[in-house]
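These are the structures in question, set out in turn.
Each of the two complexes below includes chain A, the first together with chain B, the second together with chain C.
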Partner chain A sequence: MLAFALKRLALALLVALTVSIISFSLLRLSGDLAQALAGPSATAADVEAVRKAYGLDQPLWVQYLAWARQALHGDLGTSFFFKEPVAAMIAARLPVTMTLGVSALLFALLVALPLGILAALKPNSWVDRLALTLSVVGQALPSFWFALMLMILFGLKLRWLPISGTASWKSFVMPAIALGYYGMPTFMRLTRAGMMEVLASDYIRTARAKGLRAPAILLKHALRNAIVPVVAVAAVQLGFFLGGSIVIESVFALHGVGYLGWESISRADFPVVQAIVLVLALFYIVLTLLADLLNAFLDPRIRVG
Partner chain B sequence: MIGEPILEVEGLDVVIPLLAGTLRPVRDLAFAVARGETFCIVGESGCGKSLTALALMNLLPRRARRSARRLRFAGTDLARLDERRMADLRGDRIAMIFQEPMTALNPAYTIGNQLEEAMLRHRRVSRAEARDRAIFLLEKVGITAASSRLRQYPHQLSGGLRQRVMIAMALMCGPELIIADEPTTALDVTIQAQILHLLAALQREFRMAVILITHDLGIVARVADRVAVMYAGQIVETGAVADIFARPMHPYTQGLLRCIPVPGRTRRGAHLGSIPGLVPSLMGELAGCGFRNRCVYASPPCAAGGIGLVPLSPQRAYRCLLPPRECAANAAAAAAP
Partner chain C sequence: MRGKLAWAAVALGLIAPAAQAGKPDDTLNLAWSAQIENYDQYFNTVREGIVFAREIWDNLVDRDPRTGEYKPLLAKSYRWVDPLTLDFALRQGISFHDGTPFTATDVAYTLNWLADPANKVITQQNVSWIKSVEETGPFAVRIHLKAPFPAALEYLADILPIYPHDYYAKVGPQGMSRHPVGTGPYKVAAAEPGKSFTLLRNDAYFKESPKGRPAIGRIVQRSIAEMPTQIAELMTGSIDWIWQVPADQAEKLRQVPGVTVKSAETMRIGYVGFDAAGRSGATPVKDRRVREAIAHAIDRAAMVKNLVGGDSRVLDAACFPSQFGCTDEGVKRYAYDPALAKTLLAEAGYPNGFDIDIYAYRERPWAEAIIGYLRAVGIRAKLTYLQYAALRDKNWAGTTPLFYMTWGSNSINDVSAILGNFFTGSPDDFARDAQLKSWIETGDTAIDPAVRKANYRQALQRIAEEIYWLPMFSYVANYAFSADLDFSPDADEVPRFYAAHWK
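The block that comes next holds the complex of A and B.
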């Protein structure tokens, strides 16, 4: 297990290094930085002065090392637009995005797992058809439109939930449903397919031949094996929820990282965009590592050589 | 059959409704198994052997339906038992060993967990007691360092070891009847012999009845007390093992026996027998004899009506229109060099 974990960790670090290089290059490739920093009215001499002051005349690898050292110390540069440290800006927005992402994931799993299990137990039954319909609709609906429909129904007509802001947990209910519903079909189909495959396997027949009761067969013997791929995808999906929540964050005016990213792109605030790409990519890497370790925990064939 | 029967089967049918018609893989089966005896069901692939085993355990695939005039186990009517009560019997008084040891164990749990579970389900014992029983049985089935094996996962064991674990698992509650469905087919020949000896020894020690399902007449000759030969979902011949091997009556049994080389009798380089043709479709009703298309003695009457079992003695019966004397003559002619 330790060897496996170390191998995965080394791999994750390698990916993180690659991502940091890409993220660093983003800013350098987006045009002449010195020109952008000096402003449109700067003379050629000003631009050269800025280039010297920021170290932009150094070779790229020197610049990268300097940037990487700063990033490791938590300094992700300064926003062109707000003239504030980017790290602080992201840190202030992160809790909103995390809350949204995690609750969207929980919603998706809470709907998908029971539905997938029931559908697998009775293929072609009404539960199965309902599950299939829900998942097709979930994949076909544009999330912004679904979010607007939720707002009209629960926010305006029924007045159960606030339609924007982050005042209380209630503000996160609709965004989490809108975001989570988009990821639900993947989990549902994986659970259904996994359960159907496992339920037809020889060791389930062995469990029945032992006289075990249905709950023990289903939860202990079947679900444990069917859930392995779902865990892996759930971790990746959480990464997607964290990074891909731009639309939902803007519809519900949630000031999270996604919203910040979208604003920064339209303001050409490259240091912020660069930092967000880096931070979200690191989340992805950590989550994937976590999924690998969880998988190893669930499947002894990975864990014990 | 000598002694009190533990299992009595009469008129056992399995039907599987399909879009194209109704599959009838097991037709009107009747047999009985005595306490402590080994009863072999032999036949080629697709003749309904495995479905018979699953039907006895009520573990048939979802779409398959079972019906029986009589299905009694130690005085209990299995045909009328609901799934709850049947599950109480399974793994406790009737246990089953499957063909594929590689896939029959759950990859996610240790050997120990899966062994103990079989006992914890049926007996009021602590986990420690169940573990002691598991260690005792693993040693019985010839696994060394049993207590450390308990912590291993199925993928860490070879096929032969896994089948030994499966046998130990079947023995956890001390069953009165074990149904073994091709328990050695997936194993190396040397391991096959070991597993068969093991089963026979355990059977004597614990006085269990064993229903052994196999396509291998060599196995039948070594371990069986009595045999039923199945063909196209029916029993075509049944009797004591020595009697069947010495005087096979049904043309199919005679064909099967011709397929085995006998050291010292079969000439080197001589052609081994084979039975031409294929098993008939098991769709719908069978008109006449199921074997007639592959039978060298077939005549027009073989195609008409159902053909019943002809009893020769309380122990012995065969399903053929040929009179006993002619069957015996055919067998003698075929055996002549």
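The block that comes next holds the complex of A and C.
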């Protein structure tokens, strides 16, 4: 297990290094950084002074090391647009995106697991058909359209939920559903397939033969094995939710990291874009690593193979 | 498409009239899509920044939006000593929100600080006419001008709020953005750049102010990017006031009970800009015949009728008609004539048209309509759509051959605020026409109004003759708000919430 964990960790670090290099290059490739920092009305001498002051005249690898050192100390630069430290801006918006991502994941799992299990128990029944329909629709619906439909129903007609903002937990219900619904089908299909495979296996037949009650077999013996792929995908999906919440954050006026990233791209605010790419990629890497380790823990075949 | 869903719901009777909103708790809830990057008025470039500034700070004088008359605000009186010297006597007994008394030091400090180019105020045109300001008494100041500048009062009234000296010297633009302090009708309870702000009525606001005393207790603003979300919030009553509603949606909102819709023509004009000077390299639009072809290719009247709507009108001169010096007398007009456009293109050596990049930053559908018209005569324009600040930087770097943009003149009712910004050699100048520049500079500095007008007229005729710009049309702002609210929009596109009250 330890060897496996170390191997995975090394791989994750390698990916993180690659991502940091890509992220670093984003800003350098966006144009002359010294010109951007000095401002459009700066003279050539001003630009040169800035170039020196910020060490932009140094070789690229020296600049990268300096940048990486700062990033490791939590200094991600200053926004061109807001003139504020980027790290503080991201930190202020991260709770919104995290809350949204985690609630979307919870919503997706709460719907997908029971439906997937029921569908596996009664293949080709009406439950199975319903689950299939829901998942096809979930994959096909454009998220902004679905978000607006939710808004009209729960916000305008029924008046149950606030339409935008982050005033209370209620504000996150619709965004979480809109975001989570898109990821739900994957979980459901995985649960269904996993359960069907496991239910057909020998040890389940043995358990039945021993006279164990159906719920015990289902939850204790079958689900634990069937859920392994779901765990792996859940971690990856959470990373996807964190990075992919741009549309949802924009529609529901949630001032999170995704929305900030989207706005920063159209404002050419590269220090912010760079930092967001780095932060979200790191989340993704850590989550994937956790999923791998958790999987290996749950399924010995993985850590041996 | 997205807006239509909401309307379908309205039509089906799914949506009840807007509930009681901000009136019961005396809170006016505003939403707009813009983000104010810095609440310091001198370090943001969005219209909403001016709107915010009017609530928090006061200027030396105020321009009555209806009569155009200048009224003393922080000043008690003013007097032109000579064309280079402007004297102000200041009101006494006014305090900033933090309790410090307002004196001549605040005025002199603020204006001197702004006039120093090293402090990098974003729009230099607004302050570059100030040479220096001296205190001539505890409540008296004298402004020295670099050159005669007849529009000085207009600038002082519109975009030069006065800051508290001690505080601003200590905290600077970033600190002022986080905790803005002024003398205005509202004080700031909370301000998050780009996101939201909360204002409280300044009960100590001086009663002699021509702005009047504020009525509504609290104002809460949120930036909501999507118009459908803003409209849905307005219909449920969580938001009381929105603006820049597209013409088609404004029409439909008129039918929603509990919502009032008002339209007003604004000083903002749309224009197609050309890189006539060739700053971006060898571009086809350097050729006047190509620019003329483009002028004939676009049906501006149809765009006004079908897209802009309201009181918008087609413009031929590069200014807003109410501005001092704006005239279309003798200004060449280019009628919609695609056949002529094709002939001109062929003459210029482009019988099969050409490919070009076009830039825009707002009203994307309008930019796309322009692209459609260009395509009809063979010009294949590819749209790059950016936020304003990003496009402005590209303009200043001179890399944009063709662009659809707008200018609201900072609400300054004087053509110097538009011609002076775009045709006198600034980084925004894509004409680089020395004769044009000299007419405008004469107009900007002459004391005799007749001389000013004559020079501006020549400048406007030249811009049209050479087609440095193709002026498109005036903008219309559509405001939608709770029927509980008594609010009147003004032509200068600065909503004044201090003048609003509940019915």
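As a convention for this text, the second predicted complex is superposed on the first by the 301 of 305 C-alpha atoms of A that agree within 3 Å, B and C clash if a C-alpha of one lies under 4 Å from a C-alpha of the other, contacts with A are read in each partner's own complex, and residues count from 1 in each chain.
Going forward, contacts are C-beta pairs under 8 Å (C-beta built on N, C-alpha and C of every residue); 3 or more make two chains touch, one makes a residue touch a chain.
The structure displayed is predicted, hence computed values, not measured ones.
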item	value
Clash-or-fit label for the pair chain B, chain C on chain A	fit
First (chain B), second (chain C), both or neither touched by A:225	first
Partner chain(s) touched by A:106 [first = chain B, second = chain C, both, neither]	neither
First (chain B), second (chain C), both or neither touched by A:208	first
Partner chain(s) touched by A:60 [first = chain B, second = chain C, both, neither]	neither
First (chain B), second (chain C), both or neither touched by A:250	second
First (chain B), second (chain C), both or neither touched by A:9	neither
Chain B versus chain C as contact partner of A:301, first or second or both or neither	first
Contact breadth on chain A, by residue count: chain C or chain B	C
Touching partner for A:163 - first (chain B), second (chain C), both, neither	second
Shortest CA-CA distance in Å separating chain B from chain C in the superposed model	47
Chain B and chain C footprints on chain A, overlapping residues	none
Of chain A, residues touching chain B in the complex	201-203, 205-213, 216, 220-221, 224-225, 298-301, 304
Residue ranges of chain A in contact with chain C within the complex	36, 39-41, 81-84, 144-145, 148-149, 151-152, 155-157, 159, 162-165, 250-253, 255, 259, 263, 266-268
Interface residues, chain B side, partner chain A - complex	57, 59, 87-92, 95-96, 98, 100, 103-110, 117-118, 121-122, 153, 155-156, 166, 169
Chain C residues touching chain A - in the complex, by the definition given at the top	2, 5-6, 9, 14-16, 19, 31, 35, 37-38, 43, 120, 124, 173-174, 193-195, 222-226, 228-229, 232-233, 235-236, 238, 385-387, 389-390, 392-393, 396-397, 427
